Amino acid sequence: MFKELKKLRWLTIVFISSFLIFLPLWSGSFIIYLVSYSFIFGIFAMAYDLFFGYTGLVSFGHSTFLGMAAYAVGMFSKTLFHVGNPLLLFIVACGVGTFLGLLVGYFCTYTRGIYVALVTFAFAQISWLVVMTDPGGLTWGENGIVGVRPGPLEIGQLKLNLFSGVGLYYLVVGIFAISYLIIWAITRSQVGDIFKGIKQNEERLLSLGYNTKQYKILVFALSGFFSAIAGVLVSFLDNCVTPALVEWTLGAEILLITILGGPGTLVGPVLGSFLVAFSKFYVSSWIGEGNWVYLLGGLYIVVVMFLRGGIINSRTFHFLSGCS
Amino acid sequence: MVSAGLIVTQLLNGLTIGLVYALIALGLTIVLGLMGVVNFAHGSFYMIGGYITYTLTASLFRNFWVGLLFGAVVCAVVGLGLFYSIIRPLRERPPLEPMVALVGVAMIFEQLTRSFWGADPKLLPIPFGRIELNFFGYTLKYPIYFLAVMIISILLLSFFYYLFRKTDLGVRCLASIQDRETAMSLGVDVDRVGRLMFIIGMAAAGAGGGLAGPIFSVYPTMGTELIGLIFVIVIIGGLGSIAGTVMASIAIAMITSLSLIFVSGNIAHIFAYVILLVMLLFRPRGIMGFERVLE
Amino acid sequence: MVDDLLKVDNIHSYYGSAYIIQGISLSVREGEAVALLGRNGTGKTTTLKSIMSLVPPRRGEILYNGEDITGRPPYYVARKGLSMVPEGRHIFPALNVMEHLRVPVPGSETHRSILFRRVFDIFPELEEKKSQHASALSGGQQQMLVIGRALMTDPKLLLLDEPMEGLAPKAVMRVIESLKAIHAQGITILFASADLERAFSIAKRAYILEKGKVVFDLTEEHVPQSLEIQRKYLGVRE
């Protein structure tokens, strides 16, 4: 039975991978955009799931990591400098994301429970306000920075044009796959066990001698790092950076997507992000954008009231995720 | 050079707005203390109150005060519905879950407003004119409406004070916030107290929305924009503490109002959040909060 | 038999997944003063909390005055005539003495002024300090306050969890005095204590608990052998 499950899992992975690799050959640019968008927010969702699904900490401020990383890209490529090299932009953005993660994490180790959520919320508000203030003309205020153009990605002989939908699509999928593997590996490692321990029984960990404060800061930093990756990619995808990326509502949305998909499964939140992204575009064009908001709001309510553990936390999908 | 008149105007503005914020924040802190629920939809009631007031002022009754009253009543009714459908059933859950559901509620309310009234801000004319204030030999022209708002807010807050310290219900409410289990073992039906307080709190938030309408105008995102600041006030003032909430509201409103002389509105709000972070580091229970950390 | 004011029948209670009360049965007749003895952690607090419905039992029955009160909400139980003074006092940190006494909801028709009078008669020091904040009182005064507070529901059965713990000897005497006075007024008392001797200055009968079960049913005649019982079940005096 187990061997067959494993075979089935490998088969699914191969199937999905081939599907994704050959997708641009038979889809229009809009589908490619949508899939890229979903994968990018899938990375964000995984970053959030690592944080919320595993350690059980609640944050409304993850938009800070994603958004400020995106703004770093905007500033380095447009308003402050004119850096076009995507690798450099990645490094800068991830640095910003990780740094902010450490900062927020540090603040949060001095608070407990619901105050963690409020500290992250405060940071989200501060970043939003800072961005809207447009200090030194760097963030361009309400309308955001437009015309963010990453140069081509050059690795040795390989040159990938990131301005086209297809080129960026492959980059996104590739980065998503690598991120998934790294995060998955983290969750399976001892560090991951400690994260899970923080959620289940922090006192026991403390009594065993683990410095949980350090691990909390670590998960913040990791989460910030991967959120930043998503931030960079979204700025490449939309060629602009807007204040919507730092609003707390985005942080709330990713929390909801994670809950919807099933916290602690990694795959669940990714599927949740696909679900929300596709629904947002298709359902809203079908029933109207206003009605989509009602649907989404209603979904949040329904999931909390009736679907505890998310849509994905059922046995059917268990073998896909490969983690407990 | 900053004139004395400007400073006084800003201080008075801050006082006015702070008193309105106090009305709004009270509802939130009571619900948080009694039911353990972070009501993310609280801003929606502020918005509903504002819009009802606007509608009745602009079209139906052409009377601002009727509109204000109606707005508060509608908020109380809607609050009752929300209490039974979401707040009470989810009370036992970890605080995250009702929060998420209430975000959904807030989204729906905001969209409803957009659908029915459109996305642009609606202006409410400021009733009354200006009055001349004389002090220290200096004359200042100040809108009477703001003074009226101050008086009304003070009246409403006094009602709350009377309610909480002089009536049995109020004392039981405070006790339930401070130690729910003990209050229950003394015969207090905390859910019932919670229900009543929730309705009152939502009515107050609605009244706040109506009162603030002429000052800020009404727009669909007014709730979600303000809720952040209200949380700051609630935390700084101290969870479940009435006096603390009022003090924090006025302090924060005055600080942001004064800083408007020198910096833009957004930067002024940043100060509020920085104060919050500092508070959380050194005195998480707030100015007047008691030794109880909300988990 | 409705002789028993309180009858606890084979209850099993859990704190989350921890199995604390593993089948306790006890009974208290009207007018009695009974003690629950045992070391810390043997389930005394949980037993009282189960009776008060703060930790409702998963199995078993609790009958009060013939009525099954198992699992009813705590405020219902309180209004029926049970009142509890929790361990560690549990004052309301921001209320004053008078406000403390106004919080409880009386379970009977008795006029409140009579209830206030009774509390002040038993605890004159509370009347003196009517408007003082409870947090400013001494440990002993706080204990008296919370006992007085529990009396404001006009209870027929008063539950107390370690009412003498952590108090100075003078305060302990006051507590014992007041409990005797309360008992003399006809109020039934069931209290938890870790100290056998002190317990028997009020109680005539005691249940000894160990690991969530009743292991001994002690009456006054046994008290001379108390030293051995103490050593065996209650451990060394702190």
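Every chain is named by a letter (A, B and C) in the order it is written, and numbering of its residues begins at 1.
Here is the rule we use: contacts are C-beta pairs under 8 Å (C-beta built on N, C-alpha and C of every residue); 3 or more make two chains touch, one makes a residue touch a chain.
For clarity, every value in this text was computed on a predicted model and none was experimentally measured.
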Is the way these chains touch best called a line, a ring, a star, complete, or other?
line
By Cα centroids, which chain is closest to the centre of the whole protein?
B
Centroid of subunit A to centroid of subunit C, CA atoms only: how many Å?
54
Averaging over Cα atoms per chain, report the distance between subunit A and subunit B in Å.
33
Let me have the rounded angstrom distance from the C-alpha centre of subunit B over to the C-alpha centre of subunit C, please.
42
Listed in rising order, the residues of subunit A that touch subunit B in the complex are 58, 107, 110-115, 117-119, 121-123, 125-126, 129-130, 132-133, 248-249, 252, 255-256, 259, 290, 293-294, 296-301, 303-305
Once bound in the complex, which stretches of subunit B touch subunit C?
165, 168, 171-172, 174-175, 178-179, 181-190, 241, 290-292
Using the touch definition from the top, list the residues of subunit B that touch subunit A in their complex.
38, 86, 89-90, 95-101, 103-108, 110-111, 114-115, 224, 228, 231-232, 235, 264, 266-267, 269-270, 273-274, 276-277, 280-281, 284, 293-295
Complex contacts: residues of subunit C adjacent to subunit B:
52, 54, 73-75, 77-79, 83-84, 86, 90, 92-95, 99-100, 102-107, 149-150, 152-153
